[in-house]
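All chains are identified by letter, namely A, B, C and D, in their written order; residue positions are counted from 1 within each chain.
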Amino acid sequence: MKKIAISNLPKLYAAIAKAQSLILPVKTAGKTNFSLWTEACDVDLQTLKTVKSAKDAFFPQSETLYHCHRDGKNITITPEDLQSESFVVFGIKGCDVRGIAVLDKVFLAEPVDSFYAARRCHGTIVSLACGAPEESCFCKVFGIDCAEPEGDVVTWLTEDYLYWKPVTEKGEKLTALVADLLEDSDDAAVTAQKEAIGKIVEKLPYAALSLEGWNGEALNEKFNSPLWETLYKPCLACGTCTFVCPTCQCYDIKDYNTGNGVQRYRCWDSCMYSDFTMMAHGNNRTSQLQRFRQRFMHKLVYFPANNDGMYSCVGCGRCVDKCPSHLNIVKVIKAFGKEGK
Amino acid sequence: MHEHECTCHPGFIHDTLIPQVGVITDIRQETPDVKTFRIEPPQGGKFFEHMPGQCAMICVPGVSEAMFSITSSPTNKEYQEFSIKKCGVLTDCLHSLEVGDQVTVRGPYGNHFPVETELKKQNLLFIAGGIALAPLRSVINYVLDNRQNYGHVDILYGARSADDLVQLKEIQEVWMKTADVNVYLTIDRPQEGWDGNVGFVPTYLKELAFDTNRTAILCGPPIMIKFCLQALQEMGFSKQQVYTTLELRMKCGVGKCGRCNIGSKYVCKDGPVFRCDQIDELPAEY
Amino acid sequence: MQEVKNRALALLKDGTVKRVLGWRIGENTYDPEPAFFESEEDMQTFVYNNFCAANLSKYMIEASKLEGKTLVCLKPCDSYSFNQLLSEHRVDREKTYIIGVGCKGKLSIENVKRAGVKGILSVNDTDPLQVETLYGNTEVSYKAAMLDRCHVCKGKEHVVYDELIGESEDTSTADRFAQVQMIEAMSPAEKFAFFQKELSKCIRCNACRNVCPACSCRKCVFDSDKFDSAQKANVDSFEEKMFHIIRAFHVAGRCTDCGECSRVCPQGIPLHLFNRKFIKDINTLYGEYQAGADAEARGPLTSFTADDAEPSVVAEGGTK
Amino acid sequence: MSVNQEFRPKIVAFCCNWCSYAGADLAGSSRLSYPADVKIIRVPCSCRVNPMFILRAFEKGADGVILCGCHPGDCHYSTGNYYARRRMTLLFSMLDFMGVENGRTRVEWVSAAEGVKFSTVMNDFVEKIRSLGENVRLGDLRCKK
């Protein structure tokens, strides 16, 4: 276990940023999101949940795939370079780290998505334990320990120090890079914090949320439930829940005409949008009910069916906080629970 | 090919989302709204090896990209063909292209008809309607080119009118002349100069009263599939004996972009070929 | 407010209305969700408290397509939106029974959190708010927890209703255009930097568009496949600006300043500034106009006078 | 000003079919010159131009956008330019509000007989844009590569 005084954190950031690019929670115009560190930025480790998850670091909201130039009849395709430089994502919470594991299941499955894989292999994850979980958190339900998250390096923030524990080889490498800023430490403060967090987690309102009945086998029974009929009603069909979610991975591929060629990029898409499945001969999800159902069925039924029971929800609670109509996955799970299904 | 390499993953020279350039080397007007395009890489040959039933993404840069079934059989060693019906923004644009124009192609995507496993040694009944002959053509030619591996072949093909029958030349000159292959053609409404059967495919199917000692491969518009399936069941076929294809909106082709799912199955990866009893297990959202 | 619930229940029972559009009780006091109720049994989960902030007018577009009358609970500001939709023939007055509910300012849990409260377990909706949290109990003043828009409330009169329930209280404490004027006073570089910073947060979730009662197009121009709209990608520095200008422009003269766009923005972008700037300009150049105040009025962008200001008025500073 | 000497601005001019486009024609046939940097887009009426047209022109790389229509009162469709006038006033005000230099957009009323005015307006506008320099606040970065 290592530690560094809070007052020295700017030095730590600068030291990391000198060697690699550093992505961490930065407050801009009142909201905190993961962003590239600069000398002038306002690092914010106090806000528990960034608005968007850390997903952007590995799977950006939009990224160029290739450029296409046309010269007469000839087309030339220039693929975008893959990530080839190392970078560090600092301050990811346990839920977001698990979110990346969920993305891995999708993008690292054959055929491997090389854009994602390149970022994964060049990125080092420095996770941060949640000192003060909030009411919308339910990561425990998915077996995540927010007091000791996964990652290459795990850190804990107390009033005076940031405690630093390298876990993987990548983590050791990063630790070596900043070794002269870190001092050795015992575990006492961290143990105390973990215990305190554990007690809070027990008291979280959604700590006892039951996922019973949500699995790949329940497919048709859940799909055909009449409950969706009322559940979807307040949905505005916006993409807030999808875009703040650490696990939503559906994407769209689009073209942009730059005037001297076509830039093909991919961007996050949302199953909540009415044109998500639109095609020349029609749309197989014509109602908001179907689209709403798709989101939750994907997370709680289809994904586990294809990935050995792993849910595509990590209980970060962002959708709970952000839905303009106060709809969320917790309400859906509970509604089915009440029905005894 | 693409100099597009990740230092720690030397294998990643070619992401599946990055297409190859293709040159249109031949265009055949099949029907008033269907053209068959022969598309080759600039250096000639084929883009990739595929199996019958597999698809590829064809894109006109700046217009759109969509999944098309590869019409030519894998046994064709020289080139690949796509029969495309004019019905949307992209296909309109494709139809306006000329020989020598370039598009981009990526693939192959999806599963394929089990020509080397379940279908082997079987008697086969192909049922197609309209443009749906496109995916079946590759299977039929594959079967005919490996004739010894399969039993008796019946092909039932229908279209709106005689002018809408795709690949008529090949049907008449090759398929009809192959031993132990019966071709049944039908059109929806009577037409001058047509002395074949008139009537919808499902009706004709019932009239033909095939015995159940065969596997049916069914492809067509959803409504035709529905009624043909009913007819087949009335004739005593079980759902395990019938294969069909599904189509939904696809973007990535590799089961990641998340839109072509029916339940936990992705049509682009787990499909497009499904056995009918497998489809029954899926939620009704297609 | 038990009275709203009782009255709605009575009207549902006696067959005056076929359904009630109100709120369903959430997991907590602060997260009621808009909902339709069709039976007495269903009405048990009906709730009306000071966290019921959403503007229900837009749901009436869909409800107007249903058979029978729908009862809807509208706050004073919501009634403007409803009236505006009425003038655009998007809702059916004959199929609507409006309970105008009195308003003393609506609460926002975001604002409670903004006051520094974390881990909220329960909260009530009286003044001051008693908040029980994972980290101890605390109080937040009603005013501090009130939605930003309530501080610049445009009035507590319902412009359309069938009956009124409950008292209202004036909550406006600030000038509605103060923020707009503050920005107008900046230099171009400062203005640009301000909006660049705010809009760089935009994630194109389209919540502002989808919640807006004035945005009622069947298909939005930004969802068109006729041009290479980024639509849902936060692609670059530009399209966010275009989107937000056009979003506000398309509702200019029809926007009642209900403030829903800013309420729902997950990134807290002050989207109402765009709308308010248009309202302020319209007031300055074409005379005071409040959209939704009169369902018969002609909107400022669908009318003109021969001696309107020329666009060069902008360069001359006439819109500041 | 030496910096801007080399700068060739891209100007988009939306011209109404009935007056301004004819005015441009007259300017041409009268051999009145105006810079080749001005690209004219003919529209049926000035009120056909919606704010999106202006913004899209900037997005794709325009440095200045000018809208020309019939003089108020002379619209071929009687009132189109009155609506356009209100819309453009509000749009320009919004652009100003967001920190875009307000010389980059302009509305001018040019009749079919005003070939001279067309030429003067265009020369003046191009000069103005040249002095403002390249448009950096409203373009899409992807178009600049």
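Here is the rule we go by: contacts are C-beta pairs under 8 Å (C-beta built on N, C-alpha and C of every residue); 3 or more make two chains touch, one makes a residue touch a chain.
Just so we're clear, the structure is a prediction, and the values are computed from it rather than from any experiment.
*Asks:* If you take the mean of the Cα atoms for each chain, which one ends up farthest from subunit C?
*Replies:* B
*Asks:* Across the interfaces A-C and A-D, which one involves more C-beta pairs in contact?
*Replies:* Pair with the higher count of C-beta contacts: A-C.
*Asks:* Using Cα averages as centroids, what's the distance between subunit B and subunit C in whole Å?
*Replies:* Subunit B and subunit C have C-alpha centres separated by 51 Å.
*Asks:* Could you please state the distance in Å, as a whole number, between where the Cα atoms of subunit A are centred and where those of subunit C are centred?
*Replies:* Whole-Å distance between the two chain centres: 30.
*Asks:* Return the distance between the CA-based centres of subunit A and subunit D, expressed in whole Å.
*Replies:* 46
*Asks:* Between subunit C and subunit D, what is the gap in Å from one C-alpha centre to the other?
*Replies:* Centre-to-centre distance between subunit C and subunit D: 36 Å.
*Asks:* Going through subunit A residue by residue, note those that touch at least 2 other chains and give them in order.
*Replies:* Those would be 252, 255-257, 269.
*Asks:* By the touch rule stated above, which residues of subunit B touch at least two different other chains?
*Replies:* Residues 64, 89 of subunit B touch two or more partner chains.
*Asks:* Could you say which residues in subunit D touch two or more other chains, in rising order?
*Replies:* As it turns out, subunit D has residues touching two or more other chains at 140, 142.
*Asks:* So in the complex, the part of subunit A that touches subunit B is made up of which residues?
*Replies:* Its residues touching subunit B are 65-66, 68, 70, 73-77, 79, 81-84, 106-107, 109, 111-115, 117-118, 121-122, 216, 219-220, 223-224, 249-253, 255, 257, 262, 264, 266, 269, 271, 276-281, 283-285, 290, 294, 297-298, 301-303, 305-306.
*Asks:* Mind listing the subunit D positions that touch subunit C in their complex?
*Replies:* Residue positions touching the partner: 51-52, 55-56, 59, 72-73, 79, 82-83, 85-103, 105-107, 137-142.
*Asks:* Where on subunit D does subunit A make contact in their complex?
*Replies:* Residues in contact with subunit A: 60-61, 140, 142-143, 145.
*Asks:* So in the complex, the part of subunit C that touches subunit A is made up of which residues?
*Replies:* By the definition above, subunit C touches subunit A via 26-28, 31-36, 54, 118-121, 133-135, 197-198, 200-201, 203-207, 209-211, 223, 228, 230-235, 263-264, 266-269.
*Asks:* Can you list the subunit C residues touching subunit D in their complex?
*Replies:* Residue list for subunit C touching subunit D: 180, 183-184, 186, 188-195, 221, 227, 235-239, 241-242, 245-246, 248-249, 252, 274, 277-278, 281-282, 285-286, 300-302, 304-306, 308-315, 319.
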